[in-house]
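One chain, chain A, appears in both complexes that follow, with chain B as partner in the first and chain C in the second.
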Partner chain A sequence: MDNILLGLQSVTDPNVILFLLLGCVVGLIIGALPGLTGNMAIALMVPLTFTMPPNVGLAFLVAIYCSAIYGGSISAILLGIPGTISSFATTLDGYPLAKQGKAGLALGTSTMASVFGGLFSGAVLMFLTPVLADAALKFGPAEYFAVALLGISCITSISGDNVPKGLLSGMLGLIIAIIGMDPQNGVPRLTFGDPNMLSGISLVSSLIGVFGVTSVLKTAELCKKQETLQKVPEVDSVWIGIKECIHQLPTWIRGSVIGTIVGIIPGAGTNVATFMAYDWEKKLSSEPETFGKGNPLGVAAPESANNAVTGGSLVPLLSLGVPGNSTSALFLGAIMIHGMSTGPVFFTDHPDIIYGLFISFIVANIIMAPLGIFLLRYMKTILSVPEKLLAGVILAFCATGVFSIASNPFDVLVTIVFGLIGYFFNKFKIPTAPMIVSMVLGAMIEGNLRQALVASRGSWNFLYTRPLTLGIMVVAVGSFILPFIVPMIKRTFAKK
Partner chain B sequence: MMRKTSKLALAILAGMLMFVSACGSKPSGGGTGKTAKKVNFPTKAVDLVVPFKPGGNVDMCSRIIAPVMEKSLGQPVEVLNKPGGGAVIGQTYALNAKPDGHTVLVLTSSFATNVLSGNTTYKIDSVKMIGQMCYDPEVLVVSSALGVKDYKSFLDVAKSKELLNTTPGFSTSHHICSLLYGQKTGIKFQYMHTNGSAEQTVELAGGHADVGFTTYAGAASLIQQGKIIPIAVANDSRLSTLPNVPTLKELGLDFKYGSYRGLAVSSKVPDDVVEILRDALKKAMNDENVKKQFANSGLPVSYTDGPAFEKMVREDYKGLESVKPMLKK
Partner chain C sequence: MKGSIMGKLDFGLGLGSMALGIILYFYFDSLPSDSAFYPKIICYAIILLGAIITITGRLRMKVEKGQGDGKTESSGQKDPKSYRTVLLVVLYLFAYYFLFQVVGYTIPMFLLIVGTVYTLGYRKWKVLLPVALGVSAGLYLVFTQVFRIKFPGAFF
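Here is the complex of A and B:
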C-alpha cells in the first residue's frame, strides 16, 4: 500500500501528467494512421526519454503504448482499414457497423472496451505481477505451438457462410507464411533470390493492401454507377450510454481475461489474443450469424483484449526481466538506460519508479476515454466525405504509412500486390480474413512446432505427454470443428 | 453542412499527413560547419544505417552516439532503420549508397556471417571501418534445471549426452560461437533456434533447453534470479559484471568469441573523409555521458580504432570459414 502511495506521489508531478496527456494524443493519432504502429512511435520516442527523469519518460511511453492500440480501432471502424494487426479483428464488425450508420456505436464500444481492458490488465499488473512471473516460464515451444493453433482455429468461424472457401484462403495464407528464411536451418524458401523476401512478407504491408487498396479498387469500380455513392450514412453519438455498457460488460471481462493471459505469455502477442477473443465471443453468442455483419460485441471483444495485452505484456518484463513482446523490449531499453535493472530487484530498489509506472498506466487508460470521445466527435465526420473523394487520400495514406515502416519501397509493392489479391478474392467471394490470420500465425506455428520437435528429438509425443500442451490442443481442435458440428447437431434435432 | 464537414475532415487529414512526414525526419539541429578541414565533409546530414528494427541494442547504441557525433561533425546525424533479410537489406543499402561518407553502416557480427553465406553483393573487404563501439564476450550459460553448477560437471554431462542448445536464430553470433566451441571441444549439441535473445533466455530459464551461449546484458536479470547459471566466459579476462565466473582460458581451453558493433563505410569512400568520421566516433566514444549510457544498457564501451577493428573483423571472418560447411548443410 505504501508503494502505491509512492507511485501516486510520482504521478502528481505536473510533468508526468503533461507527458501522459501528450503520449495519449500522440499514440491515438499514430495508432489511427494505417501502417504506423505504437511500436514504431515508442521506438522513436525512447531516445527522447534518455534525458527525462525516469518516471516522466516511462509515463510518456506507457501512454503511447495504451492509446496507440486503441487508436488502431479508429481507422479499422471508420475506413475499414486496420492500421495494425491488433485491430484487424475489430474491422470485421466495426466497419459493417459504420456502413449501417452506427459508427458512433462502434467507436463508443471500442473506446469503452479499450479502457476497460486497459484498466483490468493494469490492476493485474499492479497486484499480481510477482505471482504470475513463474507461470510465464512454464510455456515452452510445445505450449506456444498449441496456443498458436488455438489462435488459428478461429478461421473456420470467420470464414463466413462458405467454410471451404475460407479454408482455401487460410491455406493460401499458410503458404505465404512459408516465404523467407527457414527458421531452423537458414535455407531461403520461395524468395527468388531477393533479399527483400528473406525475412518474409511484411504483415502490416499485406494487411493494408488487402483492406486499404482493395477498398479503393472497389470504390473505383462503383464510381461508374452514380446512384450508389449519393447516400451519406448517418452518424450517431459516440457515447454509448450506461445501459449498453452494462450489456457489454460480460464481453469486456472475457476479452480482458483472454488479453491479459495471452499478454503474459512471452512472445504470444497481441494478435492471438484478438483472434481468440473475437472467436470465443462469436461461439458463446446466441446469435453467431450476426457476427461479421455489424455486432457491437464483435468490436467489444477484440478491443478489450488488445488493450488488456498491454498490461499483460509488461508482467514478464518487470518480474523476470524478459520482454513479452517487441514493445515491452523497448521499455526494457528505456528502463536500463537510467541504470535500473528489471526483474525482482526493480521492485525492491526502485519502488517509486515501478509503482509510478503502474499508476501512470492506469491514469493513461482513464485519460484515453474522454480524449477519444472528444476527438472522435470530429473524426467520425470523415464518413460524410463521399467515398470517391476519400479514396485517393486513403491510397496516399496507405502508401506513405507502409513506406515509413522500414523506408523500403519493396513494402509498398507488397501492399499493391496484396491489394490486387484482395480484389480478386472479393470478386470470387473468398473471405480474406482467414488468409490474414494464417499469415500472422503461420510463422509462429511452424517455428514452435519445429523447435518442439528438436527438443523431443523428433518425437511427436510432446503433444500428449505435456498436460498444458494437451489441454490447449484439445480446446483448439474443438474450436476448429465446432462450426461444422453445431449445424449437424441442430439438423439432427430438427428432424426429430 | 456537407461542404463544411468535408472541409473539416480534409483539414484533419492534412494535419495527419504533416504529422506522418514529421515522424519520418527529425528536425535538423543547428551547427556551424567546420570549414578549416581539408575536405569539405560533411556537407549534409549523415545517415547511420541500422540494419535492424528500431529499439534493439544496435539501434540504441546508434541513437546514443548520433547526437554526440552531430556536435563534432557540425551536421545532423540521423539514424535510419533498414530492417529485414537478416540485416542483408540494410547492409546492401548502405554499401550501395553514393560513397561520399554521408551513409554510414552500423556494422555488427552479422556482416561477416552474411558474407559467409555467399548470397550478398558485398565482400568482407567492401568496407572501411570507422571504429568499434562495443564488444560483448560470449558467456556459456545453462538452465538451472540441468543441475550443473560448474564447468567440470558441465563437461561430464555434455560428453555423456547431446544437450539441447538454444540460440537466438540460425547463424547468429551465439549460434556461430556454439559451433566453433563444439568444433574445438568435440562436444555435440542439438540446436533449437528461436526468434531472438529474449526467447532464447526464456527457453533456458523455463528449463525448455539445456545450454546456450549468450551475452551478459540480455540474461542479466535471469542470472541474478538464479534461473540461468553462467558457467564460463569466452574471453581472455573475466567480466567486471560476472567476477566469479572463470574464463575458458583459465579452464584450459583457448577459446575466445564475442559479438561486436561498430561503424563502417563503403571501401570507395575517400580516406580523408574516413578520417573525419573516425575522429568524430573517437570523440563520441570518449564522452562521459555516452560511456555512462552504454554501461547502463549493459553494453560497456570497448572502443577500438578503425584499423584495429578492421583487422579483428577479418580475423573473425577467417575463423568462420571453418564452420561454413555446418551452416550450409
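Here is the complex of A and C:
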C-alpha cells in the first residue's frame, strides 16, 4: 500500500501529467496513421526520455504504448485499414459499421472497450508483478539462466509460419549481443578494433533502426504505387450511452481477461489475443451471423483484448527482466538508458519509479477516453497527411534522437545499419522480433550460464538438480515445442 | 511471389547463414576458451539452421519447377526503380552521417528530409520546403536549447 501511495505521489508531478497527455496525443496520432506502428512511436520517443526524470520518461512511453494500440482502431474503422497490426480484427465489424453510417457507434465502442481493457490489465500489472518479482528474489544464476531461456523459447511462437528463419533471426540476435568486451575477462569479441564497439551495440539505436529506418525503406520500395486518399466517412456522436456500455460489459470483461493472459505469455502477441477474443465472442453470440457485417460486439471484443495485452506484456519484463515482445524490449531500452535494470531489483531499488509506472499506466488509460473523443474531430485532417512526407520526418526524428542518447555519431551509423538489416530481413521474410528479444536476453543467458557453471564446477547438473530451475526449464521446453505440437494435434483431430 | 523466387532466396539465405556460422566459428576459436565457449554453441546453431533453410529452399525450388510456376515468378518481381529509390534513401542517410559531423546538424538534416521526400515522389514544394525547414530547425532548437545536446560540426 505504501508503494502504491509512492506511485500516486510520483504521478502528481505536473510534468508527469503533461507528458501523459502528450504521450496519449502522440500515440493516438501515430497509431491512427496506417503504416506507422506503436513500436515505431515508442522507438522514436525513447531518446527524448533520456533527458527527462525516469518517472516522467516512462509515463510518456506508457501513454504512447496504450494510446497507439487504441489509435490503430480509428483508421481500422474509418478507412478499413488497421493503423496497427493489433487492430486487424477490428476492421471486420468496425468498417462495415462506418459504411452503414454508424462510425460514431464503432469509434465510441472502440474507445470504451480499449479504456476498459487497459484499466483491467493495469490492475493486473500492479498486483501480479510484485508477487512474481518477490518470488524471483530467491533466484540464483541457474534460475535466471532458465528464465532467460524461457524468454527466448518464445521465438518459435513469434516466428510466424517459418520457424527455422525465426530461430536464425534469434541466433543472429544472440551473436549481436556478444559484440563488445567479454564482461568476465575483458576479451574484445567482434569489435574489429573499433573502440566504439567495446561497449557493445546500443539497444535503443538498433531498435530505432529496425522500427524507424526500416519502415521508411519499405515506404521507399512501394512509393511508385499511386497514392490514393480514401474518403473518410462522417463521424456522428461517439458517446454510446450507459445502456450500451452495460450491454457490452460482459464482452469487455471476456476480451480483457483473454488479452491480459495472452499478454503475459512471452511471444503470444496481440494478434492472437484479438482473434481469440473475436472468435470467442462470435461463438457465444446468439446472432453469430451478424459478425463481420457490423456488430458492435465485434469491435468491443478485439479492442478490449488488444489494450489488455499492453499491461500483460509488461508483467514478465518488470518482474523477471524478460521481455516477451518487441515493445517490452523497447521499454527495457528506455529503463536501461536511465541506468536501471528490470527484475526484482527494480522493485527494491526504485519502488517510486515502478509504482509510478503502474499508476501512470492506469491514468494514461483514463485520459485516453476524453482525449480520443476530442481528437476524433480532427481525424479527417490527420489521416490525410501523405505517407511520403511523413517518411522524411520519421528519418529526421530517428537520426536526431539516436544521436542525443550519447552524443556519439557512431549510434547514427548503428541505426542506419540496423535499418538495412531490418529491410533485408523483410525481403527474406525473416521475422525481426526474435532477433530483438535475443539481443536483449543474450547477455543474461551467457552471464548466468557461466556463473552457474562456475558454481557447479563445470557440471551441467544444475539444470536438473535444482527443482526451481528444472521446473522453469520444463516450461521453457514446453513453450519452445508448443508451436510444433499444436498444428500436429489439429491435423490429427481434423483427420478424425 | 513469388513461389520460386522465395525458394531461391531461401537457398541463398541458407548458404549465406552456413558460411557466416563457419566464419564466426573460426573467429571465436581464436579467442580464449572461456570467452569462446558460448558463442561457439550459437555458431553450431547458425550452421545447422542454415543447412535446414538451404535444404527446404532447394526442395521448394524443385517442387515449384515441377509445377511450372515460372509465371508467378515473373509476376512477383518488383520494378527495379523501387529498389533504386531504396538505395537512394540509404545513400542520403550515409551522406547525412558523414556530413553532419563536418558541416553541422541543420543543413544536412534539411537536405536529408527534402531529398528523401522528393525521391519518394512527393512534389508539392510549397508544403515540402516549410516542413523540411521547420522540422530541421525545430529539432535543432529543441535538442540544443531544451535537452542541452551539443551537435558536432562547424555550423549550427
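Rule of thumb we're sticking to: the second predicted complex is superposed on the first by the 269 of 496 C-alpha atoms of A that agree within 3 Å, B and C clash if a C-alpha of one lies under 4 Å from a C-alpha of the other, contacts with A are read in each partner's own complex, and residues count from 1 in each chain.
FYI, a contact is a pair of C-beta atoms (placed from the backbone, for glycine too) under 8 Å apart; a residue touches a chain by one contact, two chains touch by 3 or more.
The structure displayed is predicted, hence computed values, not measured ones.
In the superposition on chain A, contact is made by A:S404 with both chain B and chain C. Legend: residue contacts after superposition of the two complexes on their common chain; A:F480 is shown touching neither chain B nor chain C. Look at A:L389: by the touch rule set out above, it reaches both chain B and chain C.
Of the two partner chains placed by the overlay, neither chain B nor chain C lies in contact with A:F347. More residues of chain A are in touch with B than with the other of chain B and chain C. Look at A:W239: by the touch rule set out above, it reaches neither chain B nor chain C. By the touch criterion defined above, A:P266 reaches chain B but does not reach chain C. In the superposed model, A:Q184 makes contact with both chain B and chain C.
On chain A, the surface patch touched by chain B in one complex and by chain C in the other comprises residues 50, 182, 184-185, 386, 389, 393, 396-397, 400, 404, 407. Interface residues of chain C, counted against chain A in their complex, comprise 6, 9-10, 13, 17, 24, 27-28, 31-32, 34-35, 38-39, 42, 45-46, 49-50, 52-53, 56, 78-79, 81-83, 85-86, 88-90, 93-94, 96-97, 100-101, 105, 109, 112-114, 116-117, 119-122, 127-128, 131-132, 135-136, 139, 143, 146-152.
Partner chain A is touched in their complex by these residues of chain B: 2, 5-6, 8-10, 12-13, 16-17, 19-21, 23-24, 53-57, 59-60, 63-64, 80-86, 88-89, 92, 117, 119-120, 164, 169-171, 190-195, 198-199, 201-203, 205-209, 217, 220-222, 224-225, 227, 292-293, 296-298, 327, 329.
Interface of chain A with chain C (complex): residues 48, 50-51, 164-165, 167-168, 171-172, 174-175, 178, 182, 184-185, 187, 189-190, 213, 216-217, 219-224, 227, 386, 388-389, 391-393, 395-397, 399-400, 403-404, 407, 409, 412-413, 416, 419-420, 423, 427-430, 445-446, 449-450.
For chain A in complex with chain B, the residues that touch the partner chain are 29-30, 32-33, 36, 39-44, 46-47, 50, 136-141, 181-186, 188, 193, 195-199, 202, 232, 266-267, 316, 320-323, 326, 329-330, 333, 336-339, 341-345, 378-379, 381-382, 384-386, 389, 393, 396-397, 400-401, 404, 406-408, 447, 451, 454-455, 457.
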